[in-house]
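Okay, so chain A shows up in both of these, paired with chain B first and chain C after.
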Partner chain A sequence: MMTVRQRHALRTAVRLAAAAAITVLFLFPIYWLFMISFKTPEEIYSFPPKWYPGRIHFDNYAVLFKDGDAITVWNSFVVAGMSTVIAMFLGTICAYSLARYRTGGEHLANWIISQRMIPPIAVVFPIFLLYVYLGWVDTFTGVILLYTAFNLPYVIWMMRGYILDIPRALEESALVDGCTRWQVLWKVVFPMARAGLFATAIFTFVFAWNEFLFAFLLTKEKWVTLPVRLGSTITPFQTDWGFLTAGAIVSFAPLLVVVFLLQREMVRGVSLGAVR
Partner chain B sequence: MTSLSATSRASFGERNFKYLLIGPAIFVLLLIGIFPLVYLLLVSFQGITMTETSADFIGFANYAQLFEDTRLWEALLHTVIFTVIALPLELLLGLAMAQLFLEKLPGRQIFVALLVLPVVVSPIVSGATWSLMFNHRFGPINQIIGWIWREEVTLLWTISPHLVYPAILAAEVWQWTPFMFLLLLAALANVDKSQLEAAAIDGAGWWRTFFKIVLPAIWPVMAIAILIRGLDLFRLFDIVWALTKGGPGTMTETISIFTYIKGFQQFETSYTAAVAFLVIILLSVVVMLALKKVELSR
Partner chain C sequence: MAGATGVRLDGVSKLYAGAERTALQSIALAIEPGSFFSILGPSGCGKTTLLRIIAGFEYPTAGRVWIGDRDVTPLSPRDRDIAMVFQDYALYPHMTVEHNITFNLRNRRVPRAEIALRLKETARILGIEPLLGKRPAQLSGGERQRVAIARAVAGAPTVVLADEPTGNLDSATGAAVLSLLEELNQQGTTIIIITHDHAVAARMRRRIEMLDGRIIADTSPAPVAGQADAGPQPAQGGPS
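Our next item is the complex of A and B:
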């Protein structure tokens, strides 16, 4: 007979084995991506496939940054960064108004979040027609405006939640002390909400960084982003895997940092603030 | 209202402070949300195509065409098929995984951090990754199946009509099961321990405890997870685009891919406007009803 302690140890061992197996299963595609990006073309297209690179080899990354494709990485960074900054500012002040003054009530708040849930393809089609008319396709203004609008509902919704978490008393005493409303916002609310501001800004950046469809439809050459460039290399017949995997890793690597930084806020961020 | 808005002799800026704050954001949302919608409605009553540029109104012809367009309804059907298979799969797998990681386990935090990774991968990148995994010659999946089968296999995962759905669903489930896992793990951790202990003392079995206590407790979170993923699946584009581009033929065409092909490849401008308008109206109604049911806000 097993003692209670032995049974417990066995149970833990089984669970640990299951956990390890599941983790390997879920990480394998990411491993495969990394591994191919370090292979030489001969290794990539060898049959049967090799499960690890012969030696670490950076040529695929060198190609990515040589032929002018590095600009797409920069474009992604600029578009995601700029739209995040603008959306964070406009969204947070709007969220403050919704949270503290209940401006527009539940209806306005629900309308704003519903803007995020409608399929982008339907929304982007008329915007495309409008942009063609205005000559905004593949321009800085056009791309930034679209991404800002795309991120705004998320920022407003998340920041509204974070501001509701801040006790009101502090703002009231600041007002009594003679602060103007703007000063209250800058000196009390923003500092108090900085954890939320930080997490929301990172998520907003990630959404824009990963976004494919808008950039795919509204850029042509100058403002092509990394996901669009990668998407264009996938063809049924001749895909340059070295290039594709190196680009995919460049797209993915910054997100590793994000997951590490945001561990505590992850659940709240992806559940639209519904779960903490 | 509260003392925040009750200042005496307030200036214009002070009095309208709350509207000044929402002004810029609402302006951007209206500019990108409402204005194009009105334009869309207008265009949907015209007859603009690649060859026909006259902006004469042709009444409801485009909307009448919607009903006869079998390709549209098939695209809608494909979208529904993806949703009704992927959503329960992700939910059940995520729940099972959450259950596994609920109790203490050595290295638990590291496991969870690693398992979350697929969620932050760009969907176009995950589609590309799976197109490598499923490559018939150089991909690992056929090789693994070959080991099990003990003979070489060349399954054409992204081309063969029998295999495209499993391939797309595998990529979709791989990317989003961790999302369900993350939310359900948080929900399970919040279930009242004393109720579970009471049930154990009463001799209630695992299933009974789960359906009577755990499920009602995690339901609000589950409903939100289902809503978010359900709406995401309805707009499915990137993964399918990377794997099959809607093919073979139109077999895996989703409503988003259909709209893209009509509007941006075949330039049936006015007809696409009608399709887009239909989708927006349908989804707005669904979202508004869902938001009433689900407690997304406090």
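Our next item is the complex of A and C:
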């Protein structure tokens, strides 16, 4: 017969084992990605597979930067960064208007978020034709405008929830304390919605950073983004795994750093908006 | 404190969009400079709407609002020279107590030396000097309300509006907060409090009672301290 203490210890051990198994399950693909990116082609295709490279090998990364493909990392950064900044600015102002002035009536917010639910494949060809007509294919303006438009509904919806969580009395108090409406936004609403702003901005950036379909169709050479460049290494005849994994590491490393640095704000932001 | 200023409402009505009945029906009211004034009534009687119209958070459907000799009807709250004490304190949680109190002064670009002076004086009067470095979340309800009052009076407003200032406080803390407001009033500030608590209203020098958007009684100040109230009188308008 087990004592209460033994049962408690066993339960804890089972939980820890389950947590460890799940962690390994999720971390293994990332480990494997890292390892492949440092292997030689022989090691990549060896059978049985090698769990780690014989020696750390940077050739795959060197190719990425030597052949000028690193510019696609910069393109992704510029496109995702600019569209996030613009979407956050416009979206937060729209969200404030919806939350505080009920602009457009009760259901406008629902209509806006419904735009986010449209499958991209349903609109990609009309947008492509429009872009060809306007001469916006493979242009800075075209890509940023599109990503901003696609991210706006998400930003508006999320920020509306965060703003609704801020007591209206605080804004009224700030008005009495000599603030204009813009100052109320800047000095009270934005600082109080900081966690929400961070979380929304990070998710918006990640959406834009990872986006493939529109970038694939609407960029050709100059503004090709990293996901499109990586996708082009997979052909029916050959897949350059070394290049692909090195590119994938370069692609998610900045996100990993940002999420690691801002994880507290993100978790707070996500849970704050959870009830709206 | 600045010179006392009265508040006057001329035929103020309020009908909210989509509402079937008016929240306020042609209110005519003169609140004398330096008054210690309460608006009493049950929930939904229109007292909060009345206070919000005086503060400038709502605009009347009809009628005019005067503060002193200025028609403030179209003005935003920041231009009305008023201060407000909220029932839920409405302290900025991302600022320290010190920054909460000086927020108004900094927004109005008061010189730093004067801000420091007013902060020190206000904190001393309200007994909140040890709290200045804390955040609102670290304070008790009574402390928060004292900070809210400090914030309201630091800008030396001529009129202080208070929305149920004792509503969230226990009776002892509530009485202390009322005493603070009384002291401010004795220094010449016009104080208007809304409450549904008759015991709170009884401490005021003049009170009106509201029901269904109308003033149903106006109890004038007792002529001599210690005497009974003059009793309910019909509501009156006219200039201050």
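Note that in this section the second predicted complex is superposed on the first by the 255 of 276 C-alpha atoms of A that agree within 3 Å, B and C clash if a C-alpha of one lies under 4 Å from a C-alpha of the other, contacts with A are read in each partner's own complex, and residues count from 1 in each chain.
Here is the rule we use: contacts are C-beta pairs under 8 Å (C-beta built on N, C-alpha and C of every residue); 3 or more make two chains touch, one makes a residue touch a chain.
Since the model is a prediction, treat every value here as computed from it, not as a measurement.
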{"item": "Partner chain(s) touched by A:244 [first = chain B, second = chain C, both, neither]", "value": "first"}
{"item": "Chain B versus chain C as contact partner of A:173, first or second or both or neither", "value": "second"}
{"item": "Partner chain(s) touched by A:127 [first = chain B, second = chain C, both, neither]", "value": "first"}
{"item": "Touched partner set for A:17, first chain B, second chain C, both or neither", "value": "neither"}
{"item": "Winner by number of chain A residues touched, once chain B and chain C are compared", "value": "B"}
{"item": "Touched partner set for A:258, first chain B, second chain C, both or neither", "value": "first"}
{"item": "Partner chain in contact with A:188 - chain B first, chain C second, else both or neither", "value": "second"}
{"item": "Which of chain B and chain C A:62 touches, first, second, both or neither", "value": "neither"}
{"item": "Intersection of chain A interface sets (partners chain B, chain C)", "value": "172, 175, 180"}
{"item": "Chain B-touching residues of chain A, taken from the complex the two chains share", "value": "12, 15-16, 18-20, 22-23, 26-30, 32-33, 36, 44-49, 51, 90-91, 93-94, 96-98, 100-101, 103-104, 106, 108-110, 112-115, 117-123, 125-130, 145-146, 148-150, 152-153, 156, 160-161, 164, 168, 171-172, 175, 180-181, 206, 209-213, 217, 227, 230-231, 234, 236, 239, 241, 244-245, 248, 251-252, 255-256, 258-260, 263, 266-267, 270-276"}
{"item": "Chain A to chain C touching residues, read off their complex", "value": "167, 169-170, 172-180, 183, 187-188, 191-192, 194"}
{"item": "Residue ranges of chain B touching chain A (in the complex, touch as defined)", "value": "1-5, 7, 14, 17-19, 21-22, 24-26, 28-29, 31-33, 35-37, 39-40, 43, 97, 100-101, 103, 105-107, 109, 111, 113-133, 137-140, 143, 158-159, 174, 177-179, 182-183, 186-187, 220-221, 224-225, 228, 231, 234-235, 237-238, 241-242, 245, 255-256, 259-260, 263-264, 269, 272-273, 275-277, 279-280, 283-284, 287-288, 291, 295-298"}
{"item": "Contact set on chain C toward chain A in their complex", "value": "55-57, 76-78, 80, 82-84, 86, 88, 90, 92-94, 103-104, 107-108, 151, 155"}
